[in-house]
């Protein structure tokens, strides 16, 4: 199996940001994303998803290191101060590198 | 903490494949799997989960490297051409290695 | 991008444990957690989420290595024998280390 | 002939056993459960508003004793005859000493379509019967000496979804009275049977998954899952007689006694007696006893009650 | 004037095209679908209880033949005129040879509000028309020689959610008969139009997403999505005439013929003919044909049936 | 005596404060909200069909002015007395200048069970009152000079779920008229109170979580959350008088003025004024003002209206 290193950027944040984020992820060069509904707790308190204003989403983007860095920088600049959000990166191997 | 290296194979794909995939994951030697509902976008367009034909699932399998390789090869052979699917691998440490 | 290594502890377990686990995660020093609903199969059979007793949750905690080790030890001691549960660890980079 | 709501249960079991793709979303199952629990509570509460609670005291004490008794009978049978581990025997005994709201709802529908009336305050007795078995089960599993966090047990028991909705419904019905509840009837009364049909469809699908689990645990559980409700129904019929219940009330109490919990008790046992294997108790309660009661038991208890009230 | 349920469809499309935040949770869409499917099945089943099945045999055979015929007509058109790949042509043909339950429900509501009666056993014909096209589609795509796992195809076809609920509803309605079903009517009859409104709201939102997908696939699909239902409706009207259906029954059969499946067939094709691009068939069936039938087609088929029955 | 629907709210708050396991799935909350919004819209739309829109113009202008006015009054109070940051003050002011559909529904139920009639076109005024406060809030927070993407603000405001369903319902009701809507009544009229009960149960659970959030933000917010609706209700009552509304209409307009938005405004503020802390505004609107209006406010506004109309 010849596999290829990529980055996985995971973002947990407020559901209200979904449509904006999705647009930005694409415009910064990622080729796709995956979203699941989530709940949780962090600096901004309990977000327990009972209703819209308190719902989280968990966004995953597999991409190359530069795109990941660009996305992370963008998130830090635009969202880190005012929104409940944590982004984190990890290493993954993908099988069809041309997709990412 | 004495921990043990395993592989985590994550597969994001069409919900319609769930029952088939689950059977194959088991028959290829994995001891378990975890599934969450997801939506997303990739080569095959937006899959926004509003209804069945457009729903994604996110499948996770923790297993040893050989099983992961076998699963990845199987997916590439059977699904990569005709289905919306991305598989990727990462390294994890498990606490009770006998389970995986 | 100056990033910082942390651990990501993922726990897949019975939904019935949610409120207990959440309390313990916080008391053992983690600063947050993210939960998604899940289904799956493992040693304890199929847990397919159709109704409460059979639902799983997937809990993620980003924290430093010591907290992760403490949490993992706690889980092994209290839950590994009697509950459907798998915990696993991976390495992640976070952008704002002060949060974790 | 089978009630149409029962046919939905049969449809669910059949679809499940045939491995159909049919599945109800969890949210739908929860909505349907919430509506049923509130509807049952409201109905009982409205009735309570009409009569002095003191008058019901003998019945209230009676069913609590019944709950204790059935749990204590089931335990040694499971331990000795079934050779089950202490924790498993205690947990299963608690399931059978407690009650199933779904089975109750089917009995109500059964009597309704046969125009047999029954004491409308039954939901109160239902609530009272849910709890004692849980406490006995925990003590049987852990002994009184070993430290149990009774505070969190009580929290688990009384603040679980089922009890909160039943008691909440009872109190609202009681406070609002018959007229107050009228505008709520299109949802909680008129739709009751339709919602029950959806509920039983899902219960059938769940039962089917439990049936496959059963194979692994052998004949004893199957036998227990049929014999115990029959025995409990006899005891329940006797208790109903002693408490002076009507024919319909006797059928309902026998059904409650015969039914095995699959909501409140599993949740409480999972937290308080974690060493008990939940697969065993759910396979028996859902895989055997629920379908037995729904398909065969209730008409049998009807016959039993008719004989006693002859 | 447009039926109010249709206005919900228009609302959904408009909200979708304007990129509103409005979205129905998947669980709500599924609940609404389940209720509609069961309601349609029950209604047909009750009617079947009233008449000997044998008498319906000609109609049953007739609609199966109709399903085969329409699929076989659509395939060469798609292949030759549309220059589509073999798998894509076969899959789209199967969608159009089969039927759409949502479109059927709109036709029922349409006739209901115009007090036009129709043969109440139509749900039986609906079920029978769902399946043949799938089998033809698979054979067209893969040939008879290439190994197809027909067991799993049959499983996929007959145990898919839609068919199980329709057939289940039919059987329950048939077993319970008119009186048995009465207590279920508040949910399955009285709420039918309201639930249909919610369903069409969501269908509008889904249709809007398909419309954007359409742009990529050019004019041929748009033309096919309008011309094929018109042609099918003519064939369906003729078939209804031959089978001796009433005016209302003719409208319903024409609508069934004109409708394109978007539940059963897509699911079956995805598993059995994976090389067919699902975006093509869904864009045509949901983006063009569903709105065409709902907004324009059904009244047109009504006119056609009136001419024939003139 | 409390309306039974209010008792469901009390049940929800109690269960939440006692940390019960009771929780409604998000999908159920959304279904219930969707049905309420459509029901309110439809009702108002049917009424609009009966009267020339021009005649309503004074009222329409009046409530828009009212929305502007209340926001502009609230802002300096929050800024000066509460010493809140500019963005927070602007955001909270927008919440209180706008309206809460849930509170409106409770007022409708309240008047209904007391057989007090009111102008049925109120849903139109409700929609008109939702928007102005949002625009004012954004300008107060950011000034007119700083670049605001008004296109996306307008999109956020007018295409949010709540407004689309209300306006959609209004238009459908208006187009379909009284007879057209009749077949939809079992869902949108008969079930209204039952659905409202489920909604209030969930609102109680949500309110309970907000109450714990409140502790951190001290007495000022609590005082504001009670005083502001009382003041707004007085202004609203005055406005109703000037606009010539009936007794019932006066109660409804006072309630609308007194209510604080927790759907449309939070969503718009989150995107347009991200530096405002949403915990503050939701704690006040949901933790204080919603329960205050529902439990105490509406009867008080009824008394106020009776005095004015005396």
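As written, the chains take the letters A, B, C, D, E and F, and residue 1 is the first residue of each chain.
In this text, a contact is a pair of C-beta atoms (placed from the backbone, for glycine too) under 8 Å apart; a residue touches a chain by one contact, two chains touch by 3 or more.
Here the structure is a predicted model, which means the values were calculated and not measured.
Trainee: What are the chains that chain A and chain F both touch?
Mentor: Output, common partners of chain A and chain F: nil, no chain qualifies.
Trainee: Please name the chain that ends up farthest from chain D once chain centres are defined by their CA atoms averaged.
Mentor: Following the centroid criterion, the farthest chain would be A.
Trainee: Farthest chain from chain B, comparing Cα centres?
Mentor: F
Trainee: Which whole number of Å gives the spacing of the CA centres of chain A and chain B?
Mentor: Here the centre of chain B sits 19 Å away from the centre of chain A.
Trainee: Where the centres are mean C-alpha positions, what is the separation of chain B from chain E, in Å?
Mentor: 34
Trainee: Take the average of all CA coordinates in chain D, do the same for chain E, and state the distance between these two points in whole angstrom.
Mentor: Here chain D and chain E have centroids separated by 41 Å.
Trainee: Mind pulling the residue numbers of chain A that touch at least two other chains?
Mentor: 36-37, 90-91
Trainee: Could you say which residues in chain F touch two or more other chains, in rising order?
Mentor: 21, 23-28, 31, 186, 190-191, 267
Trainee: Considering every pair of chains, which are in touch?
Mentor: A-B, A-C, A-F, B-C, B-E, C-D, D-E, D-F, E-F
Trainee: State the interface residues of chain B toward chain C in the complex, per the touch definition above.
Mentor: Within the complex, chain B contacts chain C at residues 1, 3, 6, 8, 22, 26, 31-37, 60, 62, 90-96, 99.
Trainee: Which residues, counting only chain C, touch chain D once they are in their complex?
Mentor: Residues 14, 16, 20, 37, 44-46, 48-55, 81-83.
Trainee: Under the definition above, what is the set of chain B residues touching chain A in their complex?
Mentor: Those residues of chain B that touch chain A are 10, 12, 36-43, 56, 58, 69, 72-73, 75-76, 80, 86-91.
Trainee: Give the list of chain F residues in touch with chain A in this complex.
Mentor: Residue list for chain F touching chain A: 23-24, 26, 29, 202, 205-206, 209, 213, 262-263, 266-267, 270-271, 274-275, 278-279, 282.
Trainee: If you look only at chain E, which of its residues touch chain F in the complex?
Mentor: 1-5, 7-8, 11, 14-15, 18-28, 31, 109, 112-113, 186, 190-191, 193-195, 197-198
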